[in-house]
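Going in written order, the chains are labelled A, B, C, D, E and F, and every chain counts its residues from 1.
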Amino acid sequence: MGETSLFAALGAVIRRDLLLAMRRKSDVLTTLFFFIIVVSLFPLGIGPEMAMLRQIAPGVLWVAALLATMLSLNRLFAADHADGTLEQMALSAVPLGVLVTGKVIAHWLLSGLPLALLAPVLGLQFDLATGSLGVLVVSLLIGTPVLSLIGAVGAALTLGVRGGGVLVSLLVLPLYVPVLIFGAGAVEADLTGLGATAHLSLLAAFLALAAFFGPWATTVALRIALE
Amino acid sequence: MGNNGGFENRFGMNTRLINWFGYASPATFYPLAGKMIPWFWALAALFGIAGLYVGFFVAPTDAQQGEGYRIIFIHVPASWMSMFIYLVMAFWAALGLGFNTRLSGMMATSLAPTGALMAFLSLWTGALWGKPMWGAWWVWDARLTSELILFFLYIGFIALQSAIDDPRRADKAGAVLALVGVVNIPIIYFSVKWWNTLHQGASVSLTRSPSMAQTMLWGMLLMALAFWMYAIAVSLTRVRAIILERERHAGWVEELEEVAT
Amino acid sequence: MILSKPRSVGVVHNCPMLEASNLECVRGEKSLFRGLSFRLEAGACLMVQGANGSGKTSLLRMLCGLAQPAQGEIRWDGEPIRKLAEEYRGELLYCGHAGAVKDDLTALENARISATLAGAPVDEAAARQALRQLGLKGREDLPARVLSAGQRRRVALTRLLLEKRRLWVLDEPLTALDKAAVATLCGVIDAHLAAGGMAVLTSHQDLPLAATHVAQLRLD
Amino acid sequence: MNWGSASEFFAMGGHALYVWGSYGACALLMVVEPILARKRRSQALTELKREIRANQDSQDETTP
Amino acid sequence: MGETSLFAALGAVIRRDLLLAMRRKSDVLTTLFFFIIVVSLFPLGIGPEMAMLRQIAPGVLWVAALLATMLSLNRLFAADHADGTLEQMALSAVPLGVLVTGKVIAHWLLSGLPLALLAPVLGLQFDLATGSLGVLVVSLLIGTPVLSLIGAVGAALTLGVRGGGVLVSLLVLPLYVPVLIFGAGAVEADLTGLGATAHLSLLAAFLALAAFFGPWATTVALRIALE
Amino acid sequence: MILSKPRSVGVVHNCPMLEASNLECVRGEKSLFRGLSFRLEAGACLMVQGANGSGKTSLLRMLCGLAQPAQGEIRWDGEPIRKLAEEYRGELLYCGHAGAVKDDLTALENARISATLAGAPVDEAAARQALRQLGLKGREDLPARVLSAGQRRRVALTRLLLEKRRLWVLDEPLTALDKAAVATLCGVIDAHLAAGGMAVLTSHQDLPLAATHVAQLRLD
């Protein structure tokens, strides 16, 4: 397979997944609304004092983004596994790693990206300042691809396992912790005036690492799941 | 749904009721709605212009809030409509579920986006009002919170219906959700109210001037009427589209003049 | 089941293509078959037969490399398939119990996308033509969700027409097909064999193939 | 009359952003929503016509 | 059908669902671990100040319990729908409502109950006092059945709908708000010395209401889903 | 398809049991069949035939009350089935494309639990006996996940033996079954009919029934 045709295949997978999502727009929208709703639940559980809410805002927003991404993980491979498409992908002339990468990119485009773009509106509900909102968006833009990449490994490992939906959380959440700490940390650092660059560059390092190893591990996990 | 038949019979539909349902058949309703729409648009425009005139040029400047208070002329009508439309929607949904009338489901479906729009406008204008008045775009006040939840209920209804392709199934599923929601709305409202007052005391209650100037009230009422007419007009327009989409294989659709030409 | 000496099926005898030697399949604690060897050459077809649970599906999955035999080896053109990886997969078409048909996509989209995923994109006209050939005229633009069981199966089978592969591995392809569709499918398989393709099939029904190079492999 | 001049009117006593932000969003949405609703109807109509035409064509085919 | 045989059928459904869950213990365990992990993520996202943590503890614990319950909703009917069991239930000589009630009870036994029993341990992490921990457990014991009952309606409505997993959250979360407010409110009221009885009796009223209407609405929704 | 005058199938003529009158089935925009009427009496069997997508499954689901006909009515002993609800369901056994077999339960547990859910609990001995009768001896305690396609189908079919129902509605029961299992199943159906039961079947394969009161209903 030539390099161009690999890229063509990558593009085709991304387009396919986007097409499938467009068939059910609710899929994309519900991830977003889940995010919104979880963020809005916290004040209801905790109480309406603005000072307190401002303090917990970065944590709440990041935890909500993380949960929303995680919940959308099970749509990553499960449907393709159930109807045999995944078997076909594993038997395709295109290397499975390429197809997997395409699926992960599509997943991020449909979950992480919109979350990042929506976050500032919710930040307003918690009375965050404009500068902090910017840091929030940047941290999410760097952090959510990591979530998708790690999540794909978890989703692949739990394929065909009943209760996979919850199991995947269990596998994936511990790995999400560093992302959460540095993501929320970046916003908090900005809030307290310390500057967020250190946190953000660490996030970027995670991203590089995950982009390097993630698809490979996912491919291996998928082959195991299919056996 | 297996139980509908029994339900109908237990109600012992008399002939008058059946007649009434005959009127509500899509075939008779479609042209009727077409005739009514322009009137509602005209009324909406009329009330709107009058309301805006009163709102901007007759109503005096508010002593406490300055000119910012003029948001009230869209904020309050939007808030009212958002709540009222939900009730109407649930009513149609229940009717559809209970009596299997095709039109009611379509009405519910066509009302939902308008209701969501009203809820959104209420939130948006409220936020834009809150910034100058309270210094924050958003506070977790009871009324605000329950309006937000109402917005979510609308979105849930729309998302559920659009995720189901078979329109009959979508109608019924939406109806169940709307009914569950309508039971919950008062519960939500009171729980949120109690939750908030427990914490808050009176620090962020809506700062209302005690006796609203008569002209303000008039402006608000006129605008409310305008919103009402708007909601009817636009949902009738939408329901006509929905009728066409769903009934395209009924004979009467093919005989419509806009189809024949 | 023990088949000690290799069977050979095919026309062009000096170009052996798919070769299984001394396969053993163990599921759970039981050995389903052992010492199974055969050779499949261009233009030949292997019908795997046996009662329910005799190991047909297990064998087919091994031939595709989806499962590993407990013993023995499968070779394609002399090379073990485990080594060939994508190269072998480029020659192979597997159609299993599950049809890989997406409920949310239309029949047409399903056909095109599964070809793309297999690494062999086709244009719309070709896909429509294939669907028509399998008797799905007028259903091309319906979402697969609303199709009947047999129509879904037909959508899955369009891959036979759209992907140019030399080895077809079909696990009960007749499931849910009506008589007309069975005849069509047999024609497609015959044409494939006549053009020098190979096929490994299972079926509990009789498959009225015209091809002459059909070998039976009984697993019980 | 509350306003001395047009610019005073548009300034809204310093609350221009909020007042016009509200009215603007309201006007925008109330223009867009009916347009979408009408578009939905005209789409349904064109689809319908196309289908009817297709049916006629196929009838022409089958009844020569 | 006699009354005793209805109860027998109810018991049989509960036993069946528990048996299925025991076959995949991970199912039950992962709901619990999800709960634990979400609760533990908060200190990570927000920072370690004990005073603040104690204040947000009731809210965080309740939100986590709510999310954990919600995530386990899609295992309520989805598997039975996919493999045709639900069709069989709808055609059973036993009224569907009874079978549904059984499934909801089993769901609560496998999610709400263990959560309630686990909560005090996590409450300790947030430095809650023993009395408040008691109130927490009681509020969860009364509140989680409501979550299961309302959740069942949402799960039934989204059956066979793609993106169901996230859609169900969207439908159900707004309806969970009162339970969340009074559940978390009970603990908070106890913390501030106001006494939790008022909150708890309101929760009990919700439970009565949900137990009355929930199974009925779920049954209607299931029949719609099967059509 | 239009069948204007009611067909009647059966032995005991003055006890009409299942009766469908003037049924119409609309799926999507298309009417699949219209004006379909038939009557099925004790001891009789109705074979519904037709090409893929002709509406067999849709018809069967209507007969069970899982779907509503666009027009017409289905009556059991003269009463519309919508009114009878559980009473009718207590007479009915439906076995569709999906087998309702739980991957995680053993064959034995599957058999017992589905009987319980249907409202007719059985003891372990009876369940084991039924599994043996369908050729699953030695597989009773394997989780269904590891069973072959045909074995899973057999597990689903144990319901025929365990639940005492008068009307069987079977949608392609032969799928994935080998020849021995087909023969067994035919024997079971014949015995059911001989004992005064009724059956509505679809199949694309020929079903070698011994029963004489078999009517064909072609949907295309």
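FYI, a residue touches a chain if its C-beta (ideal position, glycine included) is under 8 Å from a C-beta of that chain, and two chains touch if they have at least 3 such contacts.
Since the model is a prediction, treat every value here as computed from it, not as a measurement.
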Chain separated most widely from chain B, comparing mean CA positions: C
Chain pair, most C-beta pairs within the contact cut-off: A-E
Length of the line joining the C-alpha centres of chain B and chain E, rounded to whole Å: 31
Whole-Å gap separating chain A and chain B, where each centre is the average of the chain's CA atoms: 35
Chain B and chain D, separation of their C-alpha mean positions in angstrom: 18
Residues within chain C bordering two or more other chains: 97, 103-104, 143, 146
Multi-partner residues of chain B (each touching 2 or more other chains): 1-3, 152, 155, 159-160, 163, 192, 195, 248
Per-residue multi-chain contacts in chain D, two or more chains: none
Of all residues in chain C, those that touch chain A in their complex: 64-68, 86, 89-90, 92, 94, 96-105, 109, 113-114, 116-121, 143
Of chain B, residues touching chain A in the complex: 127, 136-141, 145, 148, 152, 155, 159-160, 162-163, 192, 195-196, 199-200
List of chain A residues in touch with chain C within their complex: 1, 5, 8-9, 12-13, 16, 19-20, 23-24, 79, 82-85, 87-95, 99, 226-227
Residues of chain B touching chain E in the complex: 1-3, 97, 149, 152-153, 155-156, 159-160, 163-164, 166, 168-169, 172-173, 176-177, 179-181, 183-184, 187-188, 191-192, 194-195, 198
Parts of chain A lying in touch with chain B, wherever the complex brings them together: 24-26, 29-30, 33, 36-37, 40, 43-44, 47-50, 53, 124-125, 127
